[in-house]
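I've put the structures underneath this note.
In what follows, chain A forms one complex with chain B and a second complex with chain C.
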Partner chain A sequence: MNTVLEVMDLNVTFPTRAGAIRASQQVSFRMQKGEISVLIGETGSGKSVIGLAVLHLLPEAAIISGKINYNGREILSMSEKEFSRFRGRDISLVPQNPSGSLDPLMRCGKQISESLEIRGISNLKQSTEVENILSNLQFSDPKLTAASFPHELSGGMRQRVTTGIALASEPKLLVSDEPTKGLDYSSRKTSMKMFLHLKHIRKDTHLLITHDLDLARMIGDTIHVLYSGEIIESGPVDEIFSDPHHPYTEGLIAALPRNGMKAMPGMCPGLIDLPSGCYFYSRCPYQCEQGKTIHPAIIPVNGRRSVRCHRFSR
Partner chain B sequence: MSECTLSTQVRKISISIQKSDWLYRFKMRRDLQVACVLIVIILIIGFFAPDIAPQNPNITDLEGKNQGPTADHILGTDYLGRDLFSRVICGLQTSLEIALATIVISFIIGVTIGSFSGYQSGWIDNVIGRIIDVFLAFPSVILALALMMLLGSGVLNMIIMLSIVQWASFARLTRGQVLAEKNQEYVLSAKAAALPGWWTMTKHILPNCIMPVIVLATIDIGHAILTIATLSFLGVGIPPAIPEWGSMINSGLPYMRIAPLNVIVPGLAITCVTLLFNITGEGIRDITDPKTDNEGSL
Partner chain C sequence: MHQYIVMRTGYLILTLFIASVFTFCVVNAIPGEPAEVLAKHLFLGLEESAPPELIAEVSARYDLNKPLIEQYSEWIRGILSGNLGNSIIYNKSVGKLLELYLPPTILLTSFAMTFAIITGIALGIASALHQNKTADHLIRFITIFSISMPSFWVAVMLILIFSLWLNLTPVAGYGEPKYIILPLIALGLHSMASIARIMRTSMLDTMEKPFIIFSKAKGLSRKKILFSHAFKNAFLPVLTVIGMSFGSLLAGSVIIETIFTWPGIGALLMKAISARDLVVIESTIMVIVFMFLIVNFVIDILYHVIDPRITYE
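What follows is the complex of A and B.
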């Protein structure tokens, strides 16, 4: 069995006074061993919610349904106690905010070696292992970084340290939540270089949650485009970028700076009052007749790809 | 590489700013330096009191009672002819012994219970929180008097009694700090990294929130000394054979007109030592709290 993670019909709803927020609807995808899957979408499209659901870190108020299979075991319905054996050992998270995720009073090297200590690696081997990890993370002076406190590092360096903490536990599935968020151009480039390097040397199974199309294209194998809590298009990265099917994906790619930065008109609908038809209808350049009233289902196209659009349903 | 030089620079700058931060502030605070030196001197005197005292504080000389300062007795004698200077120095030992032991014990108990309660939350926290409230609601001197009646006098009993009175304030402060700190994102990350709860607590949360508790401990040494003096002035706690400032004032009161030093000297000693620990405690708060400037408190 090579499927590491299989998400089936995942629905996440947050009840609020204004109404239920449907953060994630009927999300299904599967990941093979060694595959890098990218969940891409704009703010509020429900990307992070999926990552948190995989790690059992959603707030208690969330109403969750569906199934998540990890190596053939259903983990979504597990109790906290059962699941805690997986978290941090089998499935690791690179958290969203690297500045807040590091203990301000502990040297970075020590924070990485904590994960090693949990794995039972002896004290003697820990420091060489930490330096090893740090040099894989594109740090030019691993010793210095290991001896630094988080406030002594830049945002990009902190981001790479948090990645190091997650990698130190040798996870079988790595979930990283917006690793290039809020980084300036050069640190983002270093981070991308780091992920590419990691992809070549480690072959981790990696669920990457991002809104960074360049990062997705550079390191991703398959891509799932999210819009208003749904997957609207999935497929291999190259095919999606060269021949996007869904008008939203087309729009995203056209909005890249090198493609002329053409902005899509309109806004994505709020997650409380979703329209009954196609969620993308109001912004869609094609505006097919069915889209007004009928919500499109996700349909396979050419075997490896799938898209949620009426134009492909015939 | 540019990053290398950058990080080296960052490191250099941060050494000059950050590592120095409290050291730098300490260097700026002349008053705090003086207070710290004085505390060290007081601790040394307290520790070696029997050797430093020129005479045995308990030898009575009824013919030379209530004297003023002489060559033999530089501060004079009390109503039993005992050397006042030696008694004040040995009284320092008594006070410090009890106060420091009290603070250490109540610090350990308070921080343990407080951090456990704050970290657990839920009904455990509710129960412990109410117990802390009950202890804090008692007027401390009355509680202390009642406990002393129960336990009887003696240095060890005094330490036990004061710890029972003091631990709750440490527990409450620690609990509040932990409650605020455990919602920080790095605690969630620690959970996501499968660190056990006790590990997160002792290695991540506690170091980040212990400083205010240490400040409270320093200031509370002064409070403990005051409470000890109050109780022994009232005649409970310390047996009369042991020199103690509060009981010295009490016994000197009837002879205040003929031998005023017997009241003034121990009184001054209490004031100075308490003041010293208060100044130091607040000084530590000023230099370790990044939200204050060099001018002093918030």
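What follows is the complex of A and C.
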């Protein structure tokens, strides 16, 4: 198979006055061509940091180690100048905060055209191409949307416009950072429908970063659950949802509205003072003896899955 | 939009009215009996003391003994019928005086403003792009210096350095292009510095915005990010400052024109004040107020042109 992205032992730390924030620790995963991988986790679990690291968009203060291979080339250690050739050509981003990510003074169509221009599409073809893209994104009147300024659109429409900008560059790897965050019920549904439609027509290699379990289940192929900056469980989406191994994943699924909205007790630990044992120990319903003092390693289970839990080490 | 223009025109007239009342009151509140100062100016010389008969005669001839409210309404009625009044010491209509003195002022202020805008924006952007590097520190030093130094001092220093020591420019005067160089710098320096400072701050602020980071993620070149996205967004606060500095520029022109013997309305106003040529003072101030209001009116319209989010409903 064709590996597009391989992240190996990625560590991201932000030095602050209060201490080092370990936003991402020993994160490793790989993505095959055409695969939709989902990084799922709550706010502060370090999922966005991974996406930004792939795009070299982390703030300069961040201390980064590990390796990221994109189509066999190590990109993490590349200089800004070297890497800038990949952005918007090979790898593109659907940003978090679509409202702030659009230039308020430029018409949406023009903002999409900018991505087309990078691909070398002539001015003449740009407007038809923009309309094509917009009609694929569930816009009923692409011409009107293209001529609108961002403030004239709803939050959900802006989200789909930013997706359009990312897709206009025909990326070989699409990174979307919490695309359904902050959307109301119906906009979220439209966005989900759009992503499902895109999955069927385009087969993008897509790294989806989200806390939206429904979206993950609807379009994802593989899922990586993050907790306190670490991947604690990985595996195919349907298997994880039908048979979660890690107690945190179990808790997440049980907390879904249709499963009775059973909230997990406790809070995730702060990223500055992490406990020496298992990060989930204080909230764990099993509370095994090793978890108190020993930090669990990630353990492969049945070939395609892996989990960071002492109960699976034998 | 049309409604807005009509409404703004209404406000403009209202502001002019308030300014006229205020100007009239202030001019008449200047210490020293106007008739006495005028009599000395016209007949005696400032060091002499004027005999009461002469003061009474001057007072009567120029209607200075009428009640203030009557003097005011006469002046306003004149303006409304297109007559700005007559100068006492120049023996000419104020309209005629403005015809002579206004073009040099418009020339000087528009050159000074253009200089301030272009250099201010360029320095501000350069400063923001080299944040906390030597160039930035140097530019910030220059702007702080230009804001802090009074324009009359800057004017004298410019004359000293460029005219007397280096012999590059004439000391003062009016006519050929070389005469405008020093006055336009002396007049525009303060505005240039305010524009540069706000441009720097606004540019740095804009560069942190999510849409700039997204532009980078889109793969746009640095040049494109700077000019298609960052500059346009960063320019709005600068526009506000440009409007306001036009006011201080007009105020500054009074002193600068006097120093460089530039025959504009600033110098005219200065002379009129010292001679208590009341109508000239009042009408000239009204012209300055009018210019300021018009410039800010245009700037308000420009806001809308640049930023589609601003609507005037």
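The working rule: the second predicted complex is superposed on the first by the 313 of 314 C-alpha atoms of A that agree within 3 Å, B and C clash if a C-alpha of one lies under 4 Å from a C-alpha of the other, contacts with A are read in each partner's own complex, and residues count from 1 in each chain.
The rule we apply is simple: a residue touches a chain if its C-beta (ideal position, glycine included) is under 8 Å from a C-beta of that chain, and two chains touch if they have at least 3 such contacts.
Worth saying up front: this structure is predicted, and the values here are computed from it rather than measured.
Peer 1: With the two complexes superposed on chain A, say which partner A:Thr145 touches: chain B (first), chain C (second), both, or neither.
Peer 2: first
Peer 1: So in the superposed three-chain picture, is A:Ile36 touching just chain B, just chain C, both, or none of them (first/second/both/neither)?
Peer 2: A:Ile36 sits against neither chain B nor chain C.
Peer 1: Tell me the contact category for A:Thr190 with respect to chain B and chain C: first, second, both or neither.
Peer 2: The first partner, chain B, only.
Peer 1: On chain A, which partner touches more residues: chain B or chain C?
Peer 2: Ranking chain B and chain C by residues of chain A touched puts B first.
Peer 1: Is A:Ser154 contacted by the first partner chain B, the second partner chain C, both or neither?
Peer 2: A:Ser154 contacts chain B only, not chain C.
Peer 1: Where does A:Leu57 make contact in the superposed view: on chain B (first), on chain C (second), on both, or on neither?
Peer 2: both
Peer 1: Just checking: does A:Val49 make contact with chain B only, chain C only, both, or neither of them? Give me first, second, both or neither.
Peer 2: neither
Peer 1: Taking the superposition on A as described, I'd like to know which of chain B and chain C A:Val4 touches: first, second, both or neither.
Peer 2: A:Val4: touches no partner chain.
Peer 1: Go through chain A and flag every residue that touches chain B in one model and chain C in the other.
Peer 2: After superposing on chain A, chain A residues 55, 57, 84, 87-89, 92-93, 95, 97, 100-106, 114-115, 118, 149, 151, 162, 165-166, 169 contact both chain B and chain C.
Peer 1: Would you pull the chain A residues touching chain C in the complex into a rising list?
Peer 2: Touch residues, chain A against chain C: 55, 57, 84, 87-89, 92-93, 95, 97, 100-106, 114-115, 118, 149, 151, 162, 165-166, 169.
Peer 1: Per the contact definition, I'd like the list of chain B residues that touch chain A in the complex.
Peer 2: 1, 3-4, 6-8, 10-11, 14, 18, 184-186, 188-195, 199, 203-204, 207-208
Peer 1: For chain C, which residues count as touching chain A in their complex?
Peer 2: 209-211, 213-220, 224, 228-229, 232-233, 306-309
Peer 1: What does chain A use to touch chain B in their complex?
Peer 2: By the definition above, chain A touches chain B via 55, 57, 84, 87-89, 92-93, 95, 97, 100-106, 114-115, 118, 139-141, 144-145, 148-149, 151-154, 157, 162, 165-166, 169, 190.
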